[in-house]
Structures are given as structure tokens and as C-alpha cells.
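Beneath this line is the structure, given in C-alpha cells, with notes to follow.
To keep things simple, chains are lettered A, B and C as they appear, and every chain counts its residues starting from 1.
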Amino acid sequence: MVENRPWLTFFSHAILILGVLAVAFPVYLAFIASTHPQNAFISGLVPLLPGDRMIENYGTMLDAGISTSGAPPLGVMMWNSLVMALSIAIGKIIISILSAFAIVYFRFPFRLLAFWAIFITLMLPVEVRILPTFKVVADLGLLNSYAGLSIPLIASATATFLFRQFFITVPDELTEAARVDGAGPMKFFRDILLPLSRTNIAALFVILFIYGWNQYLWPLLITTDESYYTIVMGIKRMVQVADSQPNWNFVMATVTLAMLPPVLVVILMQRLFVKGLVETEK
Amino acid sequence: MQTKRVVFSNRGLPYALLAPQLAITFVFFLWPAGQAIWQSFLREDAFGLKTSFVGVENYLRLLREPDYLNSLSVTGVFAVSTTVLSMGLALLLAAAADRMIRSRDAYTTLLVWPYAVAPAVAGVLWWFMFNPTIGIMSYLLEQLGYDWNHRLSGTDAMIMVVIVAAWKQISYNFLFFLAGLQSIPHSLSEAAAIDGAGPVKRFFTVVLPLLSPTTFFLMVVNIVYAMFDTFGIIHATTEGGPSQATNILVYKVFEDGFIGLNLGSSAAQSVILMVIVIGLTVIQFRFVERRVAY
Amino acid sequence: MAAIDLAGVKKTYPGNVTAIHPLDLNIADGELLVLVGPSGCGKSTLLRMIAGLETVTEGEVMIGGGPVNKREPAERDIAMVFQNYALYPHMSVRGNLEYGLKNRGTPRAEIDARVEEAARILEIGPFLERKPRQLSGGQRQRVAMGRAIVRHPKAFLFDEPLSNLDAKLRGQMRVEIKRLQRSLNTTSVYVTHDQLEAMTLADRVVVMNAGRIEQIGKPTEVYERPASLFVAGFVGSPPMNLFGTDELKTEAGGSLPESIGANTGTIGIRPDAVTLSANGNPAIAVTGTIELIEPVGGESHVYLRLPKTDRVMILVVRGHEGVSLAADLTVHLPVGALHQFDAGTGRRID
């Protein structure tokens, strides 16, 4: 459509630029804060331009941490976050794709019941069953362990539904052709279904990695041993220093590093990210 | 339920395939949920030595407890404000981006990444900006003559957490609104333009009504988000304060259970939350069905 | 290579839908048998039971003399070509051709030789390394055929393999399939809803309707001596003219030749059997008004509105042979070319 309304275009750009700034500004400020010395935050206004302590601050945090706040070095926390995020993402994908395969490609007694059992998890976020779930994990001896951090979170109705939805769109003839070609169920799964699901798996991985990395309540509940702290929950320990202002430069270095991996994933894999987001909502 | 025309006929295999998912679902979801329901009918004595069955007593108490009623209304205000603010801004941005041809993708990239920021981290970012002594927002507000202090003022604290929650959710809403806008056929806008409607009028009379499925869907998603995914924001910043002003339901259930160790009450709160999620999920799914039927 | 025999085969789908009523069918070794009928009549169901993709509710399917009801599709040693080709989208053409052979543990050298051979026969050599989405519809169709022939199966099963092609390509591929089947001499069952395709391809045609066999025979037999009203109406284009005995009597001026029996309820005549002059043969003469003339190349289809019964008769004339729109025309239906069908059963009367 030919439309010549320069003021409207100008106005649109202005809104978008304002939006981008509003979105980016808090992060910019956090990064700036992480490059200044401790005494830049005693009074007055926070610094708005980069300081000269970036290397020292990040160096200190990565391999030493702040002893007073009881938080381990960032390196350890980031490693824990990575382990947790990867275990959750990969675990969820594996168990969901297998159960979706069972539900779509087989007919068996209690199939509907299994479907509903999985569906129900959609309605039971951790937040609403905190205490009893904690108790189960404690009884199983999974407190302060990677297994405890990840396994309880890897049942996922969303991922199962995504794969189910996708499998339904795979033409029946493909399955029949594979059967005529001598492929049994697992061979069909491995040779045909899995390769066809590649993009879906990748898109889901992006979403689930972010989901896993950003977990907060769960690690907060089940880790008391600092060597299992994840970085997102560790921040809280740092800002919680009794009766005094937090070490803002160190906190903000932590914040920056806590954001970096998932934000990079979104920016670098934007197409997959958008696909994952849209598909999981179907 | 829909299946394939052809299915494999193995007996045991489907159960084996489902086993991991079902085991985890049972152990970490269904069993604890059942426990929560069971416990919501029990009461422990002060020393935790004896438990007795008290029927719906825990629920009745909860509904008489001013703090709980307060939490309900705080959650309502928080969820509605967050939803309105986030969706409003996102729609504005999406409508602007939809007009762009060459720069649309660039703007999208620049706007979507906050999705990846953890709620707790987002909380700390803004908490820093609103810091009454050194924060830039409180400084600017002071220049405007407003004495900001979220540590003392419940309203200030609520405004802060709403801003954080909305800020984090804008990217999500933006993506869905933009997708919704792009799926509206150009011919409709063109027809309206030929009928003499200007861009603003077109937006309100043609675009917005056609966008209503997306809007409704996002509304449900945003309310669920504000109610259940914002624990980190509250915990990392206000901890429900000052004086209960930001104590939303999911934070209260954690506080009463883990810190107050009031099992019966916490369980009853869990059950009420479950009912709310189930209600919202049903609304969402019925709507999805209708969208498919369209 | 093998014969295929169906004995009392029946299919009932869940929900008590009987798609195939018990039927017998014997397909000779090396024969090309075409199952034809309107959509939903059960052709695919029958084919899929032979393939082992559907269970058989009753009866026995035999391939090469042995019962195969309990065998998996892969164990029946058949190959199938699907309407949408069902090529594995993530595998190259070569990968598609090799997959079935690999699953059977065929030695590498043998696989290569067979792929080579199929590629040569079907002229798909240049695309072997491409993915299916990089091919045109016709090329995909060839690959689907290739996937069947590399297997050297006992039988080929085709389910509307040409339906997704445009008319011209369909014609070409039809010829090619026929040639291929002749040279490989592999027993083939071919499903189509297109009667022209059936007539041109088949050694024998099976006309199906509502889960039952209406007629089995050579294409010429089916065309010249349709066994039932249904077959008469289904086979041939433009379709056979079918009139109630009374209708024809009215149009013919009150009487019909003696050869029309008492049980005859419907009388049919092919459009190309209707003549403009009687040429001295016994014939029924009817007069109508020309309503429409469709020129189709060397001949024309003329639609004649018969005034007394308000029915339309179609006839084929060479060129435009003295017909003009809105004119009245008297035509002759040679008695020898009439088909008679029983008033009660709809079966042919001779």
C-alpha cells in the first residue's frame, strides 16, 4: 500500500527507540556498576559511565566470590547453573519425546489415563506444591545434589504436547513406507521421526535452557550447601548482607554474568527461540 | 483423542517409553499434590507432635485471616496492573514495528532478549535503579518532587514490582502481538484505507478487533505469569513488604510453609492456588479449541 | 514374483464400519490388476490389507501361495507406492532408495548395484544426492517408483500414484508404469479412482462399489459388457446414456423392439454408439433439440434434450457433421448396441 505519512513513521521509530532504551537501560546500568570500585556507591547518584575496575571485579568474583555473603565463587555457581540448565533441557526433551511417541504411535490400555496424568502437570507448577515436593526430595536424599536440582523439574506436559502436535502432522504414509521398508517402531523413531524433529528439538532446547538457567525457587529450597548454589539464586544471598548496603559492583558483576548465557542464546538463536516460544503455546 | 491410522502393535514398548515421564510425574507432581490436599485437612499441634483431622477448618481460617485476604487483593492488583501495563506497551511497540519493513527484524532482536532475564535478576536490576539512596529512578523522581521509598511506602513497592514484572514480560507480548498483526491480511487494511479510514482509525476499527484472539490469549498467559512466575521478583526485592503490601499468594505460601512452618495453612493455600491454575488452564484451553475451530 | 489370492476377505473398521464385504480375488503372477471405483468404495483398504498395513477382519490373504495374514508388511516382500509418495524428507534420493535394502541387511555391493539399476531405468541418476524437496513432482514420483523397484519385491502395490501430477505428466507416467511393469513382469495391484487410467493400464480391471466387487474383467470386457448398472455408469467418458424402459418407450413413440425383455428396467447406450442414420439396421429413433455442442478435437459431444421426458442424451459425432445449436435432430439407437439391466437387481441381461 502506498502510504506517505512521514510523521507517523517518525513517531513509530521514536516509540521503538524509546522501547529499546527502556528495555536496555537497566542492563546497561548494571554493567556500568560492575566496572566501578566499591566506593562509587556510597552516596549520591550511581555512575552512568564505565569505570576502570571491570577486570578486577569480574576476576575477583569469578574465582573468589565474596566471603562475607557466604556465596561461592561465580565460576562454581555458573557451572552449577549450566549443569542444571542442560540437565533440565536435555532431560525434558528425552522423556517428552519418548512419551509423545508412545501416545501417538501406539494404542494400549490406559493410554488416555497416561495422557491425562501428563496433562495435569501443566496445572501443578512448583509454586503450588512447594512443601510436599520438598519433602519428597528430602526423603529421597536428593537435597544438595544435581539430581535434586534437575530431575523433579524434567516432567513437562508442554514439551510432550509440542512433540505430540508435531507427530500428528507427520504423514501416516511415511510410517507405512518405513514399515514396508522393514523398520520396527524404534528404528522408525530413530531413523525417521528423530531427524524430522530436529528443528523442534532445537527450538525447544532454547526455551528449556532458558527455563532451566533461570530457575530460582527450586534451587533456593533444596540447596543449603553453597557448592550447589546456582548463580540466579546466589545473587539473593549477596544482596542480603545484614545491615549494610550490598557490594553493588560485585552484585552487578554477578547479575551481568547471570544474564549473559540465556540472553546470548536468545540473540544468537532468535529464529529457534521465536519458533519455540510460539510452538509451545499451541 | 487423535491418533494415527497406523499404529505399532508392540505390547510392552509404549509403557517402557512412558515410564520415565510417568514416574517423575507421579513422584514429584501427583504425589506431592495429593499430599498437599491431604495436609490441608490436617492440623499439627504447637510442638509438631500430634496431627489431627480438622476438615475444612484450615480453609475457613484462611478466609478469616486478614493477611490472606490482603494477599488475595494484592495479587489481584499486581496481576491486573502487570498485565495491562505490559500488554499495553507491547501492543504499542508491536504496532510501531509492524509498520517497519526494513528495520522490523532489528527492532525485534533488540526488544525480545529480556525474556531471557530471570525474574529474580530483573528484580535486582530495578531494585538497584530504585534504590532510595543511590538509584537513578529515585533520583529522577526526587528532581520531580516525589520522595520515593519502596522500603517504607507500600504503593511505591507495588509500583516497583509491577514495573519489573511488566518489563520482563514485554518481549513475550511483543512477539505474539507482532505475529498477530502480521497475520492480518493487508487487503483488509487496504480496503479500509480505500473506504477513507486513516491509520489511527484503521487500527482501532479493523486491526484491534481482528487481534482480539491474540489479546485474549495473552491476557490469560499474562495473568498466569504474574500470579505464578514472579516469585523470584518478590523474593529478591521486597520480600512481600513493606507490611504485606507486595505479599502475593505464591510468596505467602512459601513464607507460611517454609519460614512460618504452618503446614496446614500452607497446604490449604497450595490447594487454592491449584484450583486457580486449573481454572485458568481450562479457560486457556477452551479458547485454544475455539481458535482451532475458527 | 508371485500370485496374490484373497479368500473371503472382509474388513470392518472400529465403529462397525464395514469397508470391505467378504470377497474373493485371484491375481495371477505377473499380472497388472487395477482396482477402480469411486472415492470411499474401499480400494485403499483392500490394497492395504494385501500390504499388511491393515489387519484382515475375516478371510485369508495369500502371497505366493502362503498365508500372510499374520506377517508384518516388511515380511511380505511387497513394495508400495503412495499417492503423496511418502519419501523420507530428510534423506537424499539415494538414502530413500537404500533404506529398505539396508534394513534387510543387503550387502553394500548389492545395494549399490540395485540403486544404479533403478536410477538407470527411471532416469533419476542425476538427482541421487538431492533431497526430495529439491525435486519436481514428476521426479519425486519416479523416486517413489525407484524405492519400490530396488527391492525386487514379489509384488508392487500402487495407491493412486499419479493423482498428484498434472494431466500431461499423468499421461506420460501412465505409459511408463505400464512399460516398466511389462519389462519387470512383477505382479502389481494398482488403485485409482480414474476409470480412464484403469482402462489404459490394466490387464484386468476390478470395479468396486461400496465395499463389493461389481465386475472383474479385461478393460474391453468391462467397457463393452458392463456387468451392472453401476459399472455401466462408472466406466466410459462421456458416460453411457441410461434410460428407464418406460422413458425410452415414450420417446420412441410408444413401442420398443421385441428384444427388450420384460425384466429390463434400464436401457443404456454408449454416446459413440448413437448414430445419425439407421443405415438399415434395426434401431430406435428418437428426436430432440440440440442444447449444447462441446467440440473435443476431432469429434464433438452433442447434448440432446428429449422433449417428452425432459431427459438429456449425449452422443458423439465426428467433426461437426451437420449439427447446429437449437436445431432439432433425430438419432438412431442401434438395437445391437443396447445394454439392458434388470429392473430389480441392476445386473446385466443378455
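Definition applied: contacts are C-beta pairs under 8 Å (C-beta built on N, C-alpha and C of every residue); 3 or more make two chains touch, one makes a residue touch a chain.
Model, not experiment: these values are computed from the prediction.
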Going by the touch rule set out above, what shape does the chain contact graph take here: line, ring, star, complete or other? line
Pair of chains joined by the greatest number of C-beta pairs in contact: A-B
From the C-alpha centre of subunit A to that of subunit C, how far is it in Å? 57
Between the Cα centroids of subunit B and subunit C the separation in whole angstrom comes to 60
When the C-alpha atoms of subunit A and subunit B are each averaged to a single point, how far apart are the two points in Å? 16
Which subunit A residues reach two or more other chains? 176, 179
Residues of subunit B engaged with two or more neighbouring chains: 6
Contacts with two or more other chains occur in subunit C at residues 53
Inside the complex, what are the residues of subunit A that reach subunit B? 1, 3, 5, 8-9, 11-13, 15-16, 19-20, 22-24, 26-27, 29-30, 33, 41-46, 48, 94-96, 98-99, 101-108, 111-112, 114-115, 117-118, 120-125, 127-137, 140, 151-152, 154-155, 160, 168, 172, 175-176, 179, 184-186, 188, 210, 213-214, 216-217, 220-221, 232-233, 235-236, 239, 245, 248, 251-252, 255, 258-259, 262-263, 265-267, 270, 273-274, 277-278, 281-282
Residue positions on subunit A within touch of subunit C in the complex are 171, 173-174, 176-183, 187, 191-192, 195-196, 198
Partner subunit A, residues of subunit C touching it in the complex: 48, 51-53, 72-74, 78-80, 82-90, 99-100, 103-104, 147
Per the touch rule, the subunit B residues reaching subunit A in their complex are 1-8, 10-11, 13-15, 17-18, 20-22, 24-33, 35-36, 39, 89, 92-93, 95-97, 99-100, 103, 107-122, 124-129, 131, 133-136, 139, 167, 170-172, 175-176, 179, 186, 189-190, 193, 199, 217, 221, 228, 231-232, 235-236, 250, 253-254, 257-258, 263, 266-267, 270, 273-274, 277-278, 281, 288
